[in-house]
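The structure under discussion appears below in the form of C-alpha cells.
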C-alpha cells in the first residue's frame, strides 16, 4: 500500500501534513513553541525548527532526530501557537510515520501487561494505544 | 336562519344597510350561490345552511365601492379574511355591516360523491338549526345516512375556532368542529424523502388545469391584476405544463399570500381537480410559526405581517438544508 | 354485438394499445380524467363524469404549433407534426361525444384546423352508456340519449360484462383488431342491453333538470337576451375563474402564446376562458371590460350565437360538469332558469 | 428595439490574455438589437471612450454595453462618455469580464464562453433599459463628527476652518481620546498632551464647532446630503452653564473608590469627576451608578459644596435631533482584553501590564506621578521585559489576524524612555519582527538598540510565571541563538493588540456603513478611496478604518475632512435615478411596500385612474424619488408587480437570468 | 465512466450579488485572482432584498442547476434592513422548494462583505461542488427549454 519511505521526502512531508492537519506555511516564525517547550534543552531539532524541516521536506533528518522521541506530547506548543501551526502535532505525525515504517515492530496487546508498572499513568497508556496500534 | 332573515329585513327597512350579501337557495339541495338582496321580499330566497361554504369577504371589495352599507354574513373563519382585507385597505369597514353567522362546519358535496352518493334529490340536517349529527340524503338510487362530520370540508376539521374576529352582531351559535391537527398533513409530507415529496406534488399538480379558481376565490389573492395575467415578469403563461409552469404558479401564489393567508381553505374547496392546495399555504404558516413565532393572519387588522417585518436574530435560510 | 368479461378488459386495453394509443378514464390522485393507458394505470370506468371531458384527446389543453430555433442571426421554423399515429378514446359518454360534434363544427369548417382534423381522422371513439346518470345531468334537453351513445363503438357496462357494438366503419375496424378477445353476444345479452337502456332512460326522466325548457333560446334571441337586465344580478358571484370553460366538452376558445426557450420560441396554443379578464386582450385594450360582459358572453355563445351560426345547434351538451364544478354554484342551468323565471314574472 | 453597440476591452492583457475578445465581439454581433461591436486595448482611455462616442453618433446607438472591468470601476466613466455623445447615461450597461471572468479563470475557452454569456446578459438588460433622469436633493451644510479623539478633532477643525458648521459627538465626558492618555509620542518623543491640548482648546473655541460630550449617536436616518441624527446627551447631572470647573465637588465626594478609567483603572476617582486635568469641557460628571445620592438618595455632598449651584440631580438625558450633510466617523480604538492570555499572567500579577497602562505609569499626571514603579510593591523595577504581538497576528480565535502597527514603535519609545530615565534598568524586548516603515522610524528603533542598549531578542515569550518572591519568570526562546531563555523580570509589559471601539458596530449599522470581519469600517476602495465609506456621505477618520499611528491618523482625518468639505460645498446633489416606481393601474393599495420601505419614501394617494375604460378612484402607492434610495425591498413585497425598480426592473433581471441560463 | 460523465456536466449557476457587498467581494476575489469555476455567473442587484422568488424560479425554469444569493451580513445592509427581509423571504422560499421535493442544496444564501473576496471564492467553490454532487436540475426545469 504505502510506496513511500520517509526518505522519499516529498511524500513523507505530505503525509505528515495530512496526518497532522497542519499547514506549516502558516508559521510566522515567532518561536513561541520553542519558548514554551519543557523539553527544549533535550532536543536537537527545536520545535520551531521542526516546522521548517517539514516545510523543506527534510523528513529524514527529523526521523533521525532525538527530538522525535524527546517530545513529551504535552501540547503546550499546540495550545500557544498563535498561527494554528501546532508543531507538537507535526512531531507526533512524524513519529507515527517512523513507527509505521518499522513494520512489525508494534506493541501487541498481549505484551502490555508485562510492561505495565503501577507508575504509568492510565492516560498515557490509552493515548499510546490510540497512536501506535496497528 | 329565520332570525337572520328578519334581522336583515329590519336593517334594510330602516336603511341601516342598502343591501344584504348572503346566499340564495340553489336549484339542487347543495348549491346555494352568493347573492345580493336589496329588498325585504327578495330575502325570501335567502338561505344559510351547511352548503354555504363560500367566503363572502372578498366580495366586499366590490361591495365597498357601492353606495351605502352592505350587510355581509361572515362565518367565524371568514372574519379573518375580512380583517386582513381591512389591513390591506381593500375593503372599507365603514361600508360593511357584519353579521357574524354561526357555523357548525361546512359541507363538501365532493365528499358525498366520494362516498358513492349520486343522484341527490334531497338533503336534511344541513341547516344550522338542525340539531342532529347526521345528514339524511335522498337519492334516485335510494336513501343514505351520512354523519355530518364525515361530509365536512377539510378546513372545518382544523377549524380556527368559533369566535368571530370582527362583527357588528352575531346571529346563530357556532360549534367547534376541530378534530384534527392543522399541520398533520404537512408533517406527513415533510417526513417523506425528497423524491417522495416531489412525486407527491408532481402527481397532485399535474392535475392542475390552470383554471385560476384557487386564485380567484382566494381573499388574499385580491390583486387587481395578477402577475400571471400581466406582463410585469414576462410570466403570463396559461399553459398547463406539468414540469414547471404549475409549480411556479402555485409556489408563487402561495408565496404572495404567505403571512397574509388566513388559511380559510377556499383554494382547496374550489379546486375542480381536488388538489390539496391548502398544503402550500399551511407549510408557509407552519414555517412562519416555527421561525418567527406564531402568527395568525387576520386575527387583527393592524399587525405587520411576518414578511414585512423581521428581527435581528431571525434564522438563516441555511436552516432548510441543516434540518435535512 | 359482442361482449367481454370485465376481468378481460385489461387484456383488451393491452391489445388496443399495441397498435394505437389508448386514452381512457384514469384515476390519479383521487380524480378521474382521460389519460393515456399504461400497464399500471388505475382505470376508472365507474365514475360517471371525468373532471374534464375527453375533448383533450382532439383539442389538447396546450399544444405546440411550431418551433423557431435561433442560431446566431439565422432563424429556422419547424412546424409541429400532425397526428399520424392512430388512437382510441375509450369511455366517453354520449354528451362528451356530442361535445366533439360541436367542436367539429368549429374546427372542421373552413378554415379547417389541421391539428384537430388530423386527430379526428386518426381517432376512434368508444362511447359508453351512462349506467347511473346523476342529478346534474341534462343531456336529454339537447336531444342526447345517454342510454345509446352515438360513436364509432358503443359499449354498455352491465354487471360483470361489457357489451360492445360497432357503429361506424372505424368502429368495425377497431372491433376487427380486437376480435380475438370479444365474444359474440346472444339474444339474452341483447335483451340485457335493452333493459339497461330502458333503466337508464327511466332514471333520466326522473332527473331534476331533464325537463329544463330552452324556450326562447335560439339564434334569433340575440337582442332580447343580450339586453336583458337579468345579467346584472346573475353574474355577481362569478369568480372569473375558468373552471366552467375548462371542464366543458364544447368550449373551444384558445389563446396563442410564445414560449421563450432561450434559443428560440415555441409557439403554442392553450385553452383560454372567456371568463378571464385578459381574454382577447389586444394592444388597444379589451373589448369586454367587465365581468358582467364576460359572463354574458359565455352563455350567449352557448345558447344564442352558436345556434345562430350552426343551424340551431347549441354548444351546450348538458353534461352538467359546470353544475358540479363551479366554485360559486353558478351554471348554465341557473342562467336558463333565471331567464325563465324573469319571463314568468313579466308575463 | 434598441440599437446596441458592444465594446469589448482588452484591458491590456488583463482581459485579452484569458478571454478571446474577438470571439466576444463576434458573438455579441449575433445578439438581438446589436448593430455594432468592436474591441479595443483600453476602453477607458481617451481613445477608447471616443470610439464609444463616435459609434453612438455614427450608428445612432440607443444602448451601449461595455465588456470590461467591474462597473464599480468604470461604469461612471462610460456613462459620462455616453452622455457626451448625447445618449442617456443610464442606457449603458457593463459586463464585468475582468474581475468576474478573466482574472479568475485560467482556461481561455472557458473564460471566453463565460465572457460571451456575461455580455449577452448585459445586452439583454440594455434591451429593456429606459432613459432615466437623476433628480436633485439638497445638501445640509453641516457635518457630524462621531468621536472626539485626535482624528475627530482634526477632521472637525479642518471642516470648520473651511467655513462649515461641525458637531462633534463624544461618548466620554471629555474630548481628547486615546491620545490624551499617552505620555510621549514617537519618533520625536514630544509630550502628547502638549501637542493635543492646543487642538482640543482650538476645537472648543472654534465658532463653527459645537461639541457634545457625554453624548451618543442614537439614530441615523436619511442619506448623503440630508442625514437626520438623534443625539442622546446623557445627563451629566451638572449644569454646564453654571459650573466653573473648580473641582471642589470631586474633593468633597465621599465615594472615592471607583477605578479611574482614564488611568486604565490603576488608581481611583470619585463618583463626581473630571476625567483629567486638561479635559474639555472642564466640567465634572456624576457617575450615577457609583454615586451615593443616586444609589441611596442620601448624601448630596457635591451639591452642598458647589458654590455655583451647578449640581442638578434631576437632569435627564436629552435627545437633540439635527440634520447633517456629511458624517465623519472617528470612533477610534481600544486595546484588546487579555483574559484569554493566561500564559502571560496578566490577570495573576499586578506587575504584568499593558503598554497603555505603562503610558499612564510613566505620565506625570498618572497614578504614580510619573515614577516608574511596580504596582505590586511600589519598588522600582530593575528588569523589564517587553512582549510584542500579544494578540496581534494571531490566526487562532483568541487574538486578531492583523498587525496592530503601532506596537513596535511605542515599545521602542518605552524602552528608550526607561533606559534614559532609569539607566540601571535592564530592558529586554522579545519580538517576532520589528516593523518600522515610517519616516525616521527605523532610525528611532536603532537608537533604542545602539544608543540606549535595549536588548532585543527575536523570539516570542512562551510563558510568564509569577514567582513566590514576587518576581516574574519569563520563559522564551532566542531563535537566533537557538536557545531557550529563562529570565527573571520585575515587570512585564505586553504590547496588546488594538481593536476598533466596541460601539463601532452599532454605529456602522445605524449609518449602514459596511464593516469588515475585524470590525474595522470598510473603505469604498482599498487604494483609491481610502477615507470614504461605500455608503455615500460617510467618511472614515483614524483607527476606525484600520490601525494607524498619530501622524497617519491626522493625515487621514484631514483627508476625510476634505472629502466632507467637497460634499458640503455642493448646493445640490444629483440623486440616483434608479428608484422604485409604482404602476397605478396594477397597484392594489395594500400598503405592504410602505411597511418595508426603510426611507419612508412610499406614501398612498387617492388617484383617478382609467383602467381600460374603468374609471375609478383608487388608493395607490406613490414613491418620493428624493427619498427612495433604490433598494428594491418594496418590489418583492408587491404581489402584483405594480412596484418596480427603474434600472433594475423585474423584466430586466429576468432577461439577465434568461440570458445566463440559455 | 462515471468520472467522464461528471466532467461533462457543467452546471449553470446564477449568483445574485448585492452591489454593495458581495458584488464588490466578487471583484475583490477577482483582483486577488481567487479562482472559482466559470459556471457561476453573477447578476448585480442593488440589494439582496431586490431578489424576487420569481427570479429564482425563473432561473430554474430556464435550466439553472443552482441559484445562490449573496448579500451584506445581517446588520450591515447598505439600506439598513434589506437583507433582513431577504432572509425571511429566502428562508420561506427555500423551505417551500424543499417541501415540494427540490433538493435543498440547489439554493443558498450567503452573506459576503466587500472585504471577503476569499469567502466569496470559497463559497462559490463549495456551491459548485454541491451542485456537482446533486447533478442536473430536473425537478424544476421546463423541458421545453432543452430543445
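Chains here go by letter, A, B, C, D and E, matching the order in which they are written, and residues are numbered from 1 within each.
Operating definition for what follows: a contact is a pair of C-beta atoms (placed from the backbone, for glycine too) under 8 Å apart; a residue touches a chain by one contact, two chains touch by 3 or more.
Labels paired with UniProt names: A, B, C = 4Fe-4S dicluster domain-containing protein; E = Hydrogenase iron-sulfur subunit.
None of these values were measured; they are calculated from a predicted model.
Farthest from chain A, judged by the mean position of CA atoms in each chain, is C. When the C-beta pairs in contact are tallied for D-E and for B-D, the bigger tally goes to D-E.
Across the assembly, the mean Cα position most removed from that of chain D is the one of C. Each chain gets one centre point, the mean of its Cα atoms, and the points for chain B and chain C are 30 Å apart. Each chain gets a centre from the mean of its Cα atoms; for chain A and chain C, those two points are 82 Å apart.
Centres computed as Cα averages put chain A at a distance of 43 Å from chain E. Distance between chain C and chain D, defined via averaged C-alpha coordinates, is recorded as 71 Å. In chain E, the residues that touch at least two other chains are 52-54, 58, 62-63, 75, 81, 85, 89, 142, 144-145.
Across the assembly, chain B contributes 225, 227, 233-235, 241, 307-308 as residues in contact with two or more other chains. Under the contact definition stated at the top, the residues of chain D that touch 2 or more other chains are 596, 637, 650, 654, 658, 661-662.
A complete list of chain pairs in contact reads A-D, B-C, B-D, B-E, C-D, C-E, D-E.
Touching chain C in their complex are the following residues of chain D: 30, 612-614, 658, 661-662.
By the touch criterion stated above, chain E contacts chain B in their complex at residues 52-54, 57-58, 60-61, 74-75, 81, 84-85, 87-105, 107-109, 139-144.
Those residues of chain C that touch chain E in the complex are listed here as 67, 259, 261-262, 266.
Across the complex, chain E is touched by residues 70-73, 96, 98-101, 103-107, 110-111, 113-114, 117-118, 121, 505, 508-509, 512, 514-517, 522, 534-535, 578, 596, 598-599, 629-633, 635-637, 645, 648, 650, 653-654, 656-658, 660-662 of chain D.
Residue ranges of chain A in contact with chain D, taken from their complex: 26, 28-37, 40-41, 46, 48-49, 76, 80-84.
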